[in-house]
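Before anything else, here is the set of structures, which you'll find just below.
Two complexes follow with chain A in common, the first pairing it with chain B and the second with chain C.
== the complex of A and B ==
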């Protein structure tokens, strides 16, 4: 069963990795690349977070998986600003 | 002063915009969707007094009022980043960077998915997507659907699909795994449903829920819960079945369900297929707080509010100067609460620009949120008030720590 569609990471891989390393959500993400694809984890974030929290305790005062701009898809030319053809 | 900017044209954002514009300030509302109203657009249900709450009409009213008070609204404009420099907030959209001294985030909520084998097939969608297709775009998501995930939102939307003449074969649980967790546990699901049983159209369910006060009776209730479900609006709600797989060659053709124990374990050999051409996944809502996160707000995970919420006080101020929040970004609640919160956020912004002339109104508006919350017909979490209290405590601790540094 696919969890991260962008990076094609399965439920099995995530559970196995979480089990083997007792990972935090961030470590689980870095080890498997789940949530690091072009959608920015918008589909699988909660799933990755849940799987990691099955074996580790949640720190309620921290967002476990960091958000980074741009939080919506944007073309490179727009992101880079004006005059990209110069 | 510069224009106040509000991100999100839902009930909270629009009511804040109206409040601010009525006080003579310029306001710009930005929203990524093509229509104003946010999640309010999809809502349609009958209230206990017999009135219908029609989200499309409510959205239109808010929009018309905003426009007539001089609010500028930019739709189809996603915000990709916000950043503060020298006391000014920069709001990045695809084509332009807007600046303001007062920024309100009213970005609402997003739906959590429940991964089930086959959930990547075409025809599988979130229950909110089916709602928007049906109520907003007037397009049938399919002829016959199965809803996976039993909660307030999914039962309300099931009824809406029914009203639109779409067959809902069943509402049932997802197979339990490390992601679906409580959503796949019949006892947990029943507990969460008991506090909304007043909405049930069946006297049997209303009466039954009154009897389910203690754990023993709850366990009995779920043990003897009819395997083929209890019907609401003619749709079987199956708490003792779970979808083990969504099947289909190149698109959804149906789901395989199996009987589960009261704690959610599959009973082997009970599998059967239900034909369907679409499947809705209902994993519940969580506050959509990406922009508050990139801005650097401190966050707390508060279960009762639906997940991570940016730290804020009852005036809807975050700890960052000039940054405000309102609506579901502060916790999952109904549209009426969001509207009240928008008024408070709006008054808080006006208050900070006119030297505190709004104090009395502001305090009244905070009380009004509380009243709206108490009267709310739909409550997404039974302990939302406890969640709000937790957040207030975190706020107090935060400032105590700041002062002692």
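== the complex of A and C ==
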């Protein structure tokens, strides 16, 4: 079953990694790339969060998974490419 | 053009006469003006808008409201255009994304 559509990370992969390493959500994201895809984690962020917290307690001092700038994908040409470096 | 809902019980009737033509992967198709690109392709029976860059699995409309980017296509050379949010214009040239030549996901696996 696919949890992260953009990176095609399956539920089995996530649970196995979470149990093996006892990861926090951010670590689970770093290990499996779930949440790093083109959509910025919009589809799978909550699922990755809850899968990680099914095996380890929530550590409130840790930063949670959140939307990272750029909020929407942006091309380098828009950031200052030839022609629109206004 | 029979796949569209013309007489919607709530929304008003769709004007079927105002059609524009556009090309998708070098094939000509007909669509209604200002319809979303995703809807136009769907009405023409095309559900696969792109293939996953890494695994090549076919992808199409998912959220249809501009969040998930599953429907991103290249319109007139501009990449990452969301088909579900782009209104159709006359003579639009749309190309679908394909699997990339080299895998970029896990370089350690094939580079060590």
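The criterion applied here is as follows: the second predicted complex is superposed on the first by the 73 of 86 C-alpha atoms of A that agree within 3 Å, B and C clash if a C-alpha of one lies under 4 Å from a C-alpha of the other, contacts with A are read in each partner's own complex, and residues count from 1 in each chain.
Going forward, a contact is a pair of C-beta atoms (placed from the backbone, for glycine too) under 8 Å apart; a residue touches a chain by one contact, two chains touch by 3 or more.
In this text the structure is predicted, and so the values were computed from the model without any measurement.
Chemist: In the superposed arrangement, which partner chain does A:5 touch: chain B (first), chain C (second), both, or neither?
Modeler: After superposition on chain A, A:5 lies in contact with both partners, chain B and chain C.
Chemist: According to the stated criteria, A:33 is in contact with first (chain B), second (chain C), both, or neither; which is it?
Modeler: It touches chain C, and chain B stays clear.
Chemist: With both structures placed on chain A, which of the two partners, chain B or chain C, ends up touching more residues of chain A?
Modeler: Greater contact footprint in residues on chain A: B.
Chemist: With the two complexes superposed on chain A, say which partner A:43 touches: chain B (first), chain C (second), both, or neither.
Modeler: It touches chain B and chain C both.
Chemist: What residues on chain A does chain C touch that chain B touches too?
Modeler: Overlap of chain B and chain C footprints on chain A: residues 5, 42-43, 75.
Chemist: Report the residues of chain A in contact with chain B in the complex, numbered from low to high.
Modeler: Residue list for chain A touching chain B: 1-3, 5, 11, 15, 42-44, 46-47, 50-51, 54, 58, 60-63, 66-72, 74-75, 78.
Chemist: Can you tell me which positions in chain C touch chain A when the two form their complex?
Modeler: Residue positions touching the partner: 52, 54-55, 57, 62, 67-70, 72, 79-80, 105.
Chemist: How about chain B: which of its residues touch chain A in the complex?
Modeler: Chain B reaches chain A through residues 32, 78-81, 83, 92, 94-95, 110, 112-113, 115-117, 119-120, 177-179, 181, 283, 286, 290-291, 293-294, 298-302, 308, 394.
Chemist: Report the residues of chain A in contact with chain C in the complex, numbered from low to high.
Modeler: Those in contact with chain C are residues 5-8, 33, 38-39, 42-43, 73, 75.
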